[in-house]
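Two complexes are shown next, each including chain A; its partner changes from chain B in the first to chain C in the second.
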Partner chain A sequence: MPSPRDSLIHEATSLYRLVDSINRLVAEHESIFAYTDAAQSFFEEIHKQAKATKATVSGIMERASRTAEESASRYLGELIIQKGRWKTLHTYVKPATDAHTLNLPVPLIQMATDHLQEIPGLEKSAIVVLLTPHLMYYQRPASKLPACLVFVEVPYSQGPGFFSNLTIYHELGHYVFDSLAAAPAFAKLTEAQERAFAKKLDRAITTPSLRPWAKGVLDDWTTEVFCDLFALRHLGPAYTFALIDFLSLIGLMGEETEAKFDAEHPAPALRFREQLHRMKEDGWWRIVQGLSSEHVSLVTKLAAKTKYSFELQEKGIPEFIEAFQTIIPFIHALVIEITPHCGTAAKDFGRRRAEIENCLLHGVVPSQLLVEGGAPSPTPVSMINAAYCFYLTRLPELMSRLEGQEDLNLKHRQNLIERLEAWTMKGIEDFQLLGASGKNTSSGN
Partner chain B sequence: MPTDLQSRTQYLALAEFCQGVISPLWDYVDGAAPLPTDILRRASQALQSVRSGDSYKFGQRPAAALGSYEQVRTLEEVWRTPQQLDGALKLTDELLDPYAAEGTTKVRARKVIELFSKLQTKALWNFEQPKQTAPPDVGELCRALETA
Partner chain C sequence: MATEDDLTALRTGRDAARRKPVRPSRKVRPSASGVFAKRELEARLGLEVHNPKSLVITPLLDKKKAIDADSVDLRLGTCFLLPRSLPEPYFSPDEDTATSLYVKVHVPLGRYLVVPAHQTVLGSTLEFIKLPCDASGEVLTKSSIARTFIVVETAPWIHPEYRGCLTLEIANVSNTPVLLYPGRPIGQLVLLHVDRKHDPKAKIKSSYFGPVYPEAPPFQNPEKDLRKIGVPLTSVIRKGTIDGNGRFAPKRDHHQLG
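Coming up: the complex of A and B.
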């Protein structure tokens, strides 16, 4: 059996090598690819932390050398924690190095960053995209990274895509919730959660761990609806449509699952009910409700459901849903309060939708509608919503105008959808360029 | 990236919390530093909040040291009965007794190191396991809700 000091030396060497190899991988990728500013900041942080960890490990070894052989193991915990931090960090590094600018919808990421920075307290936020084989998640790193870096996983298969990536706004909502949960704006929501918990669930808590679990369930549901509404406020119905496509892809839009809560998510039907309510309040619904699209019918159908269930270990616990329902109005109020910059988005869309769709029907980038030095309209949000509506309802019309395009040919459809996404992204990029050159002062809404 | 990564990093945070108590206490035992009273007070408060059931606060999720289900569950696995948690809390509080003799305090410090080392070992073990934390047995919760 190795002595405590030998074990320590072994652990320290192994950690040193791990850190060094991660650091080198980052440096190699930086020399080959171009990255967003946020990714670049993350990589700089990796270099900084690598240097600091190497110094810490050397310091631990030095202290251990001055300690009696038998008590050298006291430093082992410190080393294992450092190693754990790097093991976690390294799962972020490779996906971040894969997410170079050729693999990303950069205008969308830029727009999302601008939106995030409009929220008081989050002015310095920057989005680091991680391209992974998994679905979309917000990652809350435990590796002492700067709080302004927002880590969002995007499936590599959707990397440069546009419509499907709109759901990253939901993930940004998680970051906002985590970052601002202790801010005064959240106080009423927090009180409502405490009240709901105390009234419906507190009396049944019997062990110390059951309480954080039960509160965690309510908090997770609250966060999910908050994230949906946050995304919807910024993107309008395009978010709801993208979410339907996303949930369908992962099989959560079936009759059997749509009214079921799980320990982390409210039922999809309830989520769409709240989105519909928000769309009505914000003036979006009257514009899109007449669309001849399954997405619109589905939202209407789901929102009309009134019976939900939450089962765990084959036992129904309706009290959780009852408690949660009392919290929902406070989520709406909070989202409205922190996103005043989104108030006029639907109005612009209503005014410019037909013109944008007309551009797309003729294969013209909608930035043609932007006027240098004029009012900042149409906004990127209007372009996105018009493009999504066009995608849902008018693709066959576009195809019929082009020679050799067959409506039922999937390859042809794919090509045209990709072009539609590219025209939309170009429109947003041009809007951003005008903004950057000072001719347009809006950030996107 | 494993989807349960976030659950697992909760364990790492708990291990770090323990390390934050263990390291300065070792320095104290070695005579290299004074008794870390502020750290011990914070540790005592964290244990106290678990005992009183308010360790998880809405709106402060990422901030609490012993706030999450995963962390409290780990603590329950190490200190299996409420009495053991009370014992750990008592020992930590006794260490803060300003009238205790230095020899006594050092003995107590070693015991607290041992307690938090056990908790840390369990936390690091859980961190290494590629599985999600099992949810609690909700049977008792359901029965209590039905009878209330």
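Coming up: the complex of A and C.
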């Protein structure tokens, strides 16, 4: 049986090695790759915490060496707390070091950061991307890390791409919802949730232990629709199109599941119904509804569904969905209230779409339209939406103008889509650059 | 917005509004020639993008200063391809070139890249360019840069209707490492008239179409290229192995025509 002091030395050494190894990994990557400012802040925090932990561990060892052998065990608890903290940090660090600027759509991340910082109370927020092996987007809480850092998991295969990464706005919605839940703007929504529960579910949930779970389900559905509408307010229909593409990629757009709610997500049909409603209200839909694209038909088809189901142990509980339907108008109202800066985006898109698409058709970056001293520049959001519409409807037209490109050749299509994404990103980057040098004549939305 | 007449007037040195009727001549009209001057550069930049004679240079961060009497300043972009140290003792330009010869590096604005003495890197212009159908372009090193023993471009010719950020071969020919800052002016674009009409039916070349970063050349395997001119047998070396004595053992191969 090892003595308490031996155990302490062993534990302290292993923690010291773990921390040093993580710290070195970060330092090595920093010396090779470039990172966004937010990732850089995260790495500085890691260096700071590593230094502090090493000092703490060394301090413990010193104190332990001065006390009696038996009392060494009382320091073990402190080490275990530190270990737990680093066990969590460990899961953040590698995905963050993988997310260097060559692996990310940096102009999109910058644009999303700017959007986030326009929301009162979130002025200091900064997005740290984590590239993960999961084919899923996810927002991770900043446990024991500065709360202004927004950790968004992005599948590594989608890292440098553009269109599918528009769905990170949904994840930002989760951050906003969690961060501002106590803000006065959320009070009406909270009341609506309580009212809905009391009116529709109180009698249906007879088992007391199920009540917190039931409230959690309503909360999760509310959050999901909030996140969709938050993303849509900022990105317009490009978000809806990106969501369809991503859900299709991971096989969640099947006919058998489209009207089904699960304990965490409302049915896709309902989510798209609410997105369509928002698009109509914000003036986007009249511009894109005529697109000859399966995405538009799909949204229309899904939104027309009126029957949804939610089952618990194979038994339908329609009261949940009825309760949720009464909450939805309050979600719309809340999203509008916290995103007043998004009001004119559709108007700009309607005005500038044709000329942006014209640039793309001629293989030219749309920042060409950012004329110094001329008409107001098209916004990045307009560029993104025009590029997405172009991608959905006019790719064959562009291919027909190029030598040796076949519409049905997947390699050719892939190359051209990557070009289209690169031109869109370059357009946004140029917009940001011209904004920094005071030369563009439009706000960022 | 400039019109076709304005462009003709600029080329012939006359103001279109003051043009007097001239007697028809049987002589062939001399083609426009020479370098684009500032007025023509500005006029071409003002044309709509679908006009084949339009010139695109974006972003033009300091338009007044960027356009000179006969050239446009170009800035250094943020992405680079650096030569990689290969495990093999040679480099063969083939289909694997893009992945085997380079390391891609991003240097954000505000940071720098160190180019070691006597080394060459591939960079690109910050500006995305589309050339008119009747102009070729030449990229020259900015004189202030050249005087620091940095040479930009060893293949500086740009064909009409090219579009994309320009890939620049940037060589440090000095004995000292030199810092390159993305965003700083590095080259000059000079446009020259080409006696050529736009063919609306002609297709645009798809190789090097619209890149925004420096790009590796799209080589085919040598046997494929040489077959086209009837070379029946080509010796190629495929990736080799290092033997137990640390010696490189290339895997030789012969490809026969047909």
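The rule is short, and it goes like this: the second predicted complex is superposed on the first by the 382 of 445 C-alpha atoms of A that agree within 3 Å, B and C clash if a C-alpha of one lies under 4 Å from a C-alpha of the other, contacts with A are read in each partner's own complex, and residues count from 1 in each chain.
Quick note on the criterion: a contact is a pair of C-beta atoms (placed from the backbone, for glycine too) under 8 Å apart; a residue touches a chain by one contact, two chains touch by 3 or more.
Since we're looking at a predicted model, the values are computed, not measured.
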item: Touching partner for A:L402 - first (chain B), second (chain C), both, neither; value: second
item: Touching partner for A:T190 - first (chain B), second (chain C), both, neither; value: first
item: Which superposed partner A:V364 touches (first chain B, second chain C, both, neither); value: second
item: Chain B versus chain C as contact partner of A:R74, first or second or both or neither; value: first
item: First (chain B), second (chain C), both or neither touched by A:A263; value: first
item: Partner with the higher number of touched chain A residues, chain C or chain B; value: B
item: Which of chain B and chain C A:P95 touches, first, second, both or neither; value: first
item: First (chain B), second (chain C), both or neither touched by A:W221; value: neither
item: Which of chain B and chain C A:F230 touches, first, second, both or neither; value: neither
item: Set of chain A residues, in rising order, touched by both chain B and chain C; value: none
item: Complex contacts: residues of chain B adjacent to chain A; value: 1-3, 5-6, 9-10, 12-13, 15-16, 18-19, 22-23, 26, 50-51, 53-56, 58-63, 67-69, 71-73, 75-76, 82, 85, 117, 120-121, 124, 127, 135-142, 144-145, 148
item: Of all residues in chain A, those that touch chain B in their complex; value: 74, 77-78, 80-81, 84-85, 88, 91-92, 95, 130, 132, 134, 137, 139-142, 153, 178, 181-182, 186-187, 189-190, 193-194, 197, 201, 203-216, 218-219, 263, 312-313, 315, 317, 319
item: Of chain C, residues touching chain A in the complex; value: 49-50, 56, 58-63, 104-109, 111, 128, 130, 163-165, 203-206, 209-213
item: Interfacial residue positions of chain A with respect to chain C in the complex; value: 33-34, 100-102, 358-359, 361-365, 367-368, 370, 372, 401-405, 419, 422-423, 425-426, 430, 433-434, 437, 439
